[in-house]
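In what comes next, subunit A is part of two complexes: it sits with subunit B in the first one and with subunit C in the second one.
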Partner chain A sequence: MGIFIQILLVLLTLLGVGIIVYTRNIVHAAYALCLALVGIAGIYVILMSELLAVVQIMLYAGGVVILLAFGVMMTNRLRGDKVISGSNNALIGAIISLSLFSALAYLISNANFRTANIDHNDQIREIGISFLTEHIVAFELIAFVLLVALVGAAYLAKMAGDE
Partner chain B sequence: MNEEHLTYYLYFAAFLFSSGVFVVLTKRSAIFVLIGVELMLNGANLVLASFSQYDHDMKGQIFAIFAIVITVCEVSIALAILLNIYRKTRVSNLDELREVGN
Partner chain C sequence: MISFVFYLAFLLIFVVFAVYAERKTAAFIQNRLGPMEVGPKGILQTIADLLKMLQKEDIRADAVDLIPFLVAPFIVFAAVFTGYSVLPINEVVGGSGISAGVFFLLAVVSLDVLGILMAGWASNNKYSLYGAMRSVAQIVSYEVPLGISVLCVVIISGTLDLSQMSANQSHGLLSWHIVNHPVLIIPFIIFFIASLAESNRTPFDLPESESELIGGYSTEYSGFRWGMFMLAEYGMMLLLSILGAVMFFGGWSSPIDDFGTGPIWGSIWLLSKALILIFVQMWVRWTLPRLRVDQLMSLSWKYLTPLSIVMLFICALWKLWIIS
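What follows is the complex of A and B.
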């Protein structure tokens, strides 16, 4: 049963990635990205990273995809264009990405990882404690970076609106 | 979970990363390029999460959460910049973009 769900989630993600690679419609690509991200969130649950799965769905599938759809509407759609985008250098891109994949697959097949069985109980509590003790500097910095980035993005978008 | 599962997920993450590279290299629209970058970042996060299950401290998961927050910042800034470029030059295909500036 578990292996069946894993294969299903991987196929869902592969479907999303395949649609992104083949489609020429940007809105379809944004929704296919949403599909792939939900599939990856399910894989996170199987990999025993439940908090990461929740963060993935809330920030990526909820935030980033909506932002991308807004981006499409604010650029191409304003002029009444079709949201169709061509592609070029398909052969060179395929060669580069396939050789990258085969290099990575060669490294993975030669690697020898030792694995261990570890119980992850009370995971969110552990992560919260380590955010506020061991990783406190990174935690505060990331909050500051998020604030500055959001204010900056709002300012840049306002500048665009004033033109 | 044994080692076969780990390598299987690593292959899957490598596939996600290289298809992201393909999308970044071939598509014309800037928003498509952003989608490709998202795919690459998800491949990297999947590697972090799949190693994190063998770690007592769950460092991989914590790192992946930080990476996701940085990605959200990046996407919001990138879309604001794209909006500015579009309003100024009426261009959303990266090939047609010849000048950045006034």
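What follows is the complex of A and C.
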């Protein structure tokens, strides 16, 4: 049963990604991105990583994609252009994406992943505790970077408002 | 799985009666009678309306973006209804055992914004697009105070699992969160205001305000697909009311310690608490006028969000000093 759902989710993700690549309509591409992200979140659930799945849905599918779609729609209405995507610089793009793909494939296939022993009923508590003990520096650093981004965004918005 | 089937059936029956209750509440608040013709006291009015709605033609304007236009109502409803999967019914039948619990609920429910945006854009109508834009801005803004007020409860109860949260409050009225931990009263008010905004209800119904936007993102829809939007709106009301009942008012536990325990009583308690909250939502709807867009945004960002962050801090202190 699990394997069928997994295959279904992979097909769903591939469908989403395929639409992103082949559609000419940017708004449709944003919707398809959401489909792909939800499919990946489903795969996380199958792999027993619920927290990651929920964070994926909340931040990427519910946050980033919505802002993306919002931005595309606003731009289109303001400038009056047609929102279509084309393909430019095909050769350079192909070289960059092939090298990125091979680098990632090489690294992932040679990586030594450890399996963590986490009680599935209480994984959020364990992840939280490890954030505040073992990985405290990384955690605080990310919080600081987010704060800087927030202040920067507020400053930029203020500058745009003054003009 | 049982809870999912139960809530689907309950939601469909609830919507029929909630529309009637809404119209009657409105009528009594405005000192008139409301629907009186169909059936005794007009009780069959919604069923007649429903039959009429289902027979209507499914109109698709020429210039719509067809696939998103057709899919959008189902995305909105699916996003809202997925939230029900983690809700418990009583002490025997809990929701899905996902450890992220209420966090999962807030995450999937936020996806309904995508459906609304899709509907507004695909309709190719400026009123629909304005409605969708307003709705997205409103829901995204009010998710912040909503999430933080939920976090206050999570801090106090120490769990994200809604069944566990109800079980912690099962020793009569005095063990309910809002009575046992009075510091949660302000988070409850924030939660309630944000839940009105999340379900696009007056005083936050700017996305579908009839007098300005002829119905907002649902302008171009008719028949069954329009009905899906209504179903999703009432589904959102019920979902957030049940969530409020579980988080603040003891879930399926009875107000008197030993009276009315057991699975059947449990579901009756939970649903009646939720229905009381829904009555308050309707009462607010027909009492307060609609906010302006700028007032809506300043309420969320200048008042509710800072207040909820202060309450989060106070709840953490309460947890540190009073509880432990």
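Annotations for the structure displayed:
The working rule: the second predicted complex is superposed on the first by the 120 of 163 C-alpha atoms of A that agree within 3 Å, B and C clash if a C-alpha of one lies under 4 Å from a C-alpha of the other, contacts with A are read in each partner's own complex, and residues count from 1 in each chain.
Note that in this section a residue touches a chain if its C-beta (ideal position, glycine included) is under 8 Å from a C-beta of that chain, and two chains touch if they have at least 3 such contacts.
Values in this document were obtained by computation on a predicted structure and should not be read as measured data.
By the touch criterion defined above, A:Ala36 lies against subunit B but remains apart from subunit C after alignment on the C-alpha atoms of chain A.
For subunit A, the partner that touches more of its residues is B, with subunit B and subunit C as the two candidates. When the two structures are aligned on the shared chain, A:Phe131 is found in touch with subunit B, with no touch to subunit C.
Touch criterion met: A:Gln123 reaches subunit B and subunit C at once.
In the overlay built on the shared chain, the residue A:Ser49 is in contact with subunit B alone; subunit C does not reach it. In the superposition on chain A, A:Gly62 makes contact with subunit C only, not with subunit B. By the touch criterion stated above, A:Ile96 is placed in contact with subunit B alone, subunit C being left untouched.
When both complexes are overlaid on chain A, the residue A:Leu9 reaches neither subunit B nor subunit C. Overlaid on A, the two complexes show subunit B and subunit C touching the same residues of subunit A, namely 51, 55, 63, 70, 120, 123.
Residues 27-28, 31, 34, 38, 50-51, 53-55, 57-58, 61-63, 65-66, 69-70, 73, 77, 120-124 of subunit A are the ones touching subunit C in the complex.
Partner subunit B is touched in their complex by these residues of subunit A: 10, 13-14, 17, 20-21, 26, 29-30, 33, 36-37, 40, 43-44, 47-49, 51-52, 55-56, 59-60, 63-64, 67-68, 70-72, 74-76, 78-79, 85-90, 92-94, 96-98, 100-101, 104-105, 108-109, 111, 113, 115-118, 120, 123, 126-127, 130-131, 135, 138, 142, 145-146, 149-150, 152-154, 156-157, 159-161, 163. Residues 65, 68, 97-100, 103-104, 106-108, 110-111, 113-114, 117-118, 121, 129, 133, 136, 140, 160 of subunit C are the ones touching subunit A in the complex.
Across the interface of their complex, subunit A is touched by residues 1-3, 6-7, 9-12, 14-19, 21-23, 25-29, 31-32, 34-36, 38-39, 42, 45-46, 49-50, 52-58, 61-62, 64-66, 68-77, 79-84, 86-88, 90, 92-93, 95 of subunit B.
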